[in-house]
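What follows is a set of structures for review.
Shared chain: chain A. Partners: chain B in the first complex, chain C in the second.
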Partner chain A sequence: MTQTDPRALKLLSPSLAFILAMVVIPMAFILVYSFYENIDLAVDRAAFQFGNWQELASDGYYHAAIWKTLRLSLIVTALAAVLGYIPAYVIAMTQTRHKWLLLLLLIMPFWISFIIRTLSWIHIFGSQGAVNSLLMALGLTDAPVAMMYNEFTVIVGFIHVFLPYMILNVYVSLDGIDRNLEPAARTLGATPWQAFVQVTLPLSLPGLAAGGLLVFVLTGGSYVTPLILGGPRDFLFANLIYDAIVTELNWPMGATLSFTLLALLGSVVIIYSRLMGLKQLSRALS
Partner chain B sequence: MKKIDSTKRYEKLREAVGNGDVDRRTFFGLMGSAAITAGVAGGAMTSMARMAHAAGTELHFEGWGGVVSEALRKYAFAPYEAATGNTVVDATFGGENEVLTKIKAAGGTAGHNILHSSGVNWYKRWVDAGYGVALNEANIPNLSNVMTAMLDPFRKITPNSLSAVPYDYGTTGIAYNTKYITEAEAKELGANLLLRKDLKGKIGGWGGDWANRAWYGALQSGQDPNAISDWDAVWDKAREHRDLVLKYWSSGAELMDLLAKEEIYVTEAWSGRVAALQAQGHPIAYIDPPNGLAWMESMFVLKGSPMAEAEELLNFMLDPQTALAVASGQKYPSSLDPTKVDMPADVQALPAFDPTGKLDSLVFRDPEFWNAQEKAQSKQWNRVAKGA
Partner chain C sequence: MAQVELRNLVKNYGVVNAVKHANIVFQDGAFTTLLGPSGCGKTTILRMIAGLETPSAGDICINGQRINDVPIHKRNLGLVFQNYALFPHKTIGENIAFGLKYRGVSKSDAVAKVKNALDIVRLPGIENRYPAQLSGGQQQRIALARAIVIEPDVLLLDEPLSALDANLREEMRIELKAIQHRIGVTSVFVTHDQSEALAMSDKIIVMSAGNVEQIGTPDEVYNRPTSEFVARFLGASNVVGSRVEKRDEISVHVTTQDLGSLLLPAANCTGLGAQATQAKIIVRSEKVILNPDPAKGVPAVIKAVDYQGQLARYFITVGSTDLQAMALIAQAPLQVGTQVGVCIDPADCIALSQ
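And then the complex of A and B:
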């Protein structure tokens, strides 16, 4: 049986205290608030009752939102994996001395506000946006084609914003692979494609999984992108939290929904850490 | 002092591009310059500005943004600051529920003093929640010029004192693009213009206020909006509208953007924002359907505010010279009584302007009826809006 070194606990105590104060206690408050009762707009009564949880369990509206959120998060994650792998591979394998420049280009979008990056799609897909202007200038259409405010633009907006997380994770994974492995596979008779599929791709899976986790969780917790780029039916579970807290001023229900989303996304992280561990994630983020 | 984040600044700029006030080359040039300037000079300039303003009292104002905030800043706050040495820190909100959420979360009103509050119903909500004050009307002599018709609804809620001064009024009617919809069609259909099936995908709607949607649902289902008896019929009409809508807009800037870029051809809209689009030459017309929604806005002072300075600002804002300049700028008629104060021609030409000063032709929300419905019906609207 191993014994924990007390010095390790002492060294960790500031971090643990910070996590306790900033994460655990606020989360506990949210959980407690979910048992309160909303009397009227912005008027809550301290109570211990399960009305909000019962509503969540019995109302199909919330279940549909959970399903919609998981479905959209999966679509975005899958597309980001496919679209992100290629640039990550190019950056990792390039022989240029200016690899730092490619990495800089990758993180540059983070300098611009998330909302501004999302709004920029209106200038691309809008009726008077770049795509429609081009189509009309080429004579391919007389009137603007409706491309905005649907699930497609919401997915595009998500991928635009979250793709760098996927690329960075895959890049870190690919960069750690021994460069001699692919040539070794080739000398043993593998085609370039076989060498990639049977050697490089499996070795880069931890990065792909870490990127997938980040994109999935970030998408699942979003509400601004569907608000800006979506139509009336394009919403995620987090939009219901916004409705409950800000527009209906019903904090107990908002707390119930918040805790549910936390539990859902938290369980995804737990499953991932059981299967893959969190080392890859910390390497990519550090 | 104008408190504005980079996103709001971008939205304003985007609105200007959409309205044709700025060409694309200038727009992208300004975006680049803004990024560099913010990075290089932001921190230092903010500190210096804080030092410079440290001498007077700070009043925190929150309003609706866009042309409304621009008019208030230019014609009211900037001259007030110059005259008194006090500072007005003006920010924008998406709605008063947003402010109430912030105040509730913070556990107090610190950083919130005066709101450009919408409707008598919100006046009642703020007062009922215990955030009201008792204004000393002796410090606001210009209040005597305000229409009695606008003061009475507020005095009915707080008979002994006021917590706000009425400031402007307007209507939420229907804006339509005259290239695609004729005046005769609009007048014939009224509120049902928003349900024209051949315009599917070119119809907009305000998503930020359940009561607005319900008001139009009542008109479309043939009910008196201040005495709705069949809520199912109201939401059925809202569903019919939802299935035709391209997007529910959530701010005045977004409304103007969607109309100016012809993403939508028809929507309910705020009269002043449409007047601003018309002034910029867009082919947008505006009608108030029978029993269309009218509203009055007030400058609400929150509990904990520096009262003497707040009253001084309200009196300054109600000064005819200031109030009429703001009205002209924000495109909403002033609360000043036209029978007591001479109105310039451009203010008289504003949508919803009532020369009698009695507002008899406008229909306002009855706060007793609407506030009682809000808990259940705002929830219902959020569901209907999302496809339920």
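And then the complex of A and C:
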């Protein structure tokens, strides 16, 4: 590790103060709240007791939700990696002067609220949606086929919303690769595919990892997409937080669950930064 | 080993004619240089030989075999890029061995070949380092090692020295030439640096704007330019207009406005059309002799001096003609405003058609 210059700390102090005030202190409140006791709906008693944490540790329902979240996040990340790599490669390698247009197209969906984008799938997979209308018009089925409100639609919804993060990250890392490397590999005897696997793919791994981290963490912390596109059994850990706080008005338990999710996703980020460093991530986000 | 031949090779990028009907033979085992100003199509020719660009028309043949349709990875050519293009995620050993694994070379043979290649470029024992840990000159040698270890039929070098600083460049060009000589591989070298071309080449191909201007040995293109472009591009030349007065088998008599009349040997006038009445007289600046005594020669005045240590370049005016003269100097250069006498030996002049 490099030594920290005391001047650097001074320069950073406004941002550090901001992070302290807006992130660390509120999170400390959440942690404190997790030790409170919930007496009745929306009635809490300030205390220092481990009831909420014991409930988390003993209730299999929570554990199942953690595994489900982990599994779904991994599926979404893997699919986004495969589906995102191709457009990223095309944009990076294209020779046109209108590359900016392709990048703009990638950013354009962000102009529409992601809830609206998520809701749009109802018009595609719903019983009155595009797919069912087509099937019925073709006479392939008489009644609408149930396609909505299952894990598949949740995954589709996630991919739809998070794919641009993956594409942008992979694009940035592909764009930074020396254009002569693949030709160099080719003249040395590699076929186009071998040149890609030997040179381009390994050099784009940092972007793939950064995109993967973002998609994983964003998916792992989501609750709206399962709420809109999932069935009753398609909940993620964050949906339990939503239930505890909004439905059951049990803030201490909500705080406990929130802190747990934060710790889980935070440890993923820490593992990533240990392995890859955060440089790639800041490059893609800037 | 191989001979490369380009037949009527053309490359157009949209409306840009990057290469216009190039007919070039790169002799087996020779070091041939493509020399020309930026944008004249040198890289394009090299990339077409390597297969990285598709010709718009014409043929590329290696040992008489047309290779236009042979894919890049089957051409067995060594290409050294201007920016080296080493694989940053692979060690030096892996970089050099890269081409060997596609040639069915066993692991142990590859290790020996890599070691041998590193010995050739005089960087032994750095197999386990990464490219980023090497200096520019060292990376340059590794790029060369990677290209020659596969024993290519042809070695293609695209301005391989241009990213090095001046001292290193001169050192590397001697070394590069020595390596090429030792392994005897047919080499095509691209540069826009005339001194590099003169120092290294068996043959120089001077290009301008997609055209081949002249093909010849370094001595021929330097001393016997066949066009004003070549004369000007290879070192500073003076070009003076003249009128052809008389012409026979042994000499040509021309008169110039300010330098009087000159009697050129006929051998220096092969570039002058038989019926030409006007001639461009070309004389290299180092052949323009300045005499401190204005009476000895054509009187002239020094307008500016570009002092370069052991050399000085003088910008002089004779009547209404501006000339450049380059001279080795022992002590201080002549001062601006000095009156001098200009002497030009007609045997040092070349006449070209207008």
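Operating definition for what follows: the second predicted complex is superposed on the first by the 282 of 286 C-alpha atoms of A that agree within 3 Å, B and C clash if a C-alpha of one lies under 4 Å from a C-alpha of the other, contacts with A are read in each partner's own complex, and residues count from 1 in each chain.
Convention: a residue touches a chain if its C-beta (ideal position, glycine included) is under 8 Å from a C-beta of that chain, and two chains touch if they have at least 3 such contacts.
What you see is a predicted model, and the numbers here were worked out from it, not measured in a lab.
> Check chain A with both chain B and chain C modelled on it and let me know: fit or clash.
Here the two partners, once superposed via chain A, fit next to each other without clashing.
> So, does A:P26 touch the first partner chain B, the second partner chain C, both, or neither?
Neither: A:P26 stays clear of chain B and chain C.
> Pick one for A:D178: touches chain B only (first), chain C only (second), both, or neither.
Second partner only.
> Which of the two partners, first being chain B and second being chain C, lies in contact with A:T247: first, second, both, or neither?
A:T247 contacts chain B only, not chain C.
> Contacts for A:R186 in the overlay, against chain B (first) and chain C (second): which applies, first, second, both or neither?
A:R186 sits against chain C, while chain B stays out of touch.
> Given the superposition on chain A, which partner contacts more residues in chain A: chain B or chain C?
B
> After the superposition on A, what does A:M148 contact: first (chain B), second (chain C), both or neither?
first
> Once the two complexes are aligned on their shared chain, state how close chain B comes to chain C by Cα atoms, in whole Å.
40
> Could you pull out which residues of chain A sit against chain B in one structure and against chain C in the other?
Correct list for chain A: none, the interfaces share no residue.
> Can you list the residues on chain B that touch chain A in the complex?
6-7, 10-11, 14, 35, 95, 97-98, 100-101, 104, 125, 129, 201, 207-208, 210, 242, 245-248, 250, 257, 261-263, 374-375, 378-379, 382-383, 385-388
> Which stretch or stretches of chain C touch chain A in the complex?
Answer in residue numbers: 50-52, 71-79, 81, 83, 85, 87-89, 98-99, 102-103, 146, 150.
> Would you tell me which residues of chain A are touching chain C in their complex?
Going through chain A, the ones touching chain C are 178, 180-181, 183-191, 194, 198-199, 202-203.
> Under the touch definition given earlier, write down the residues of chain A that touch chain B in their complex.
Chain A reaches chain B through residues 38, 40-43, 61, 65, 111-113, 115-116, 119, 122-123, 126-128, 144, 146, 148-149, 227, 231-233, 235, 239-240, 243, 245-251.
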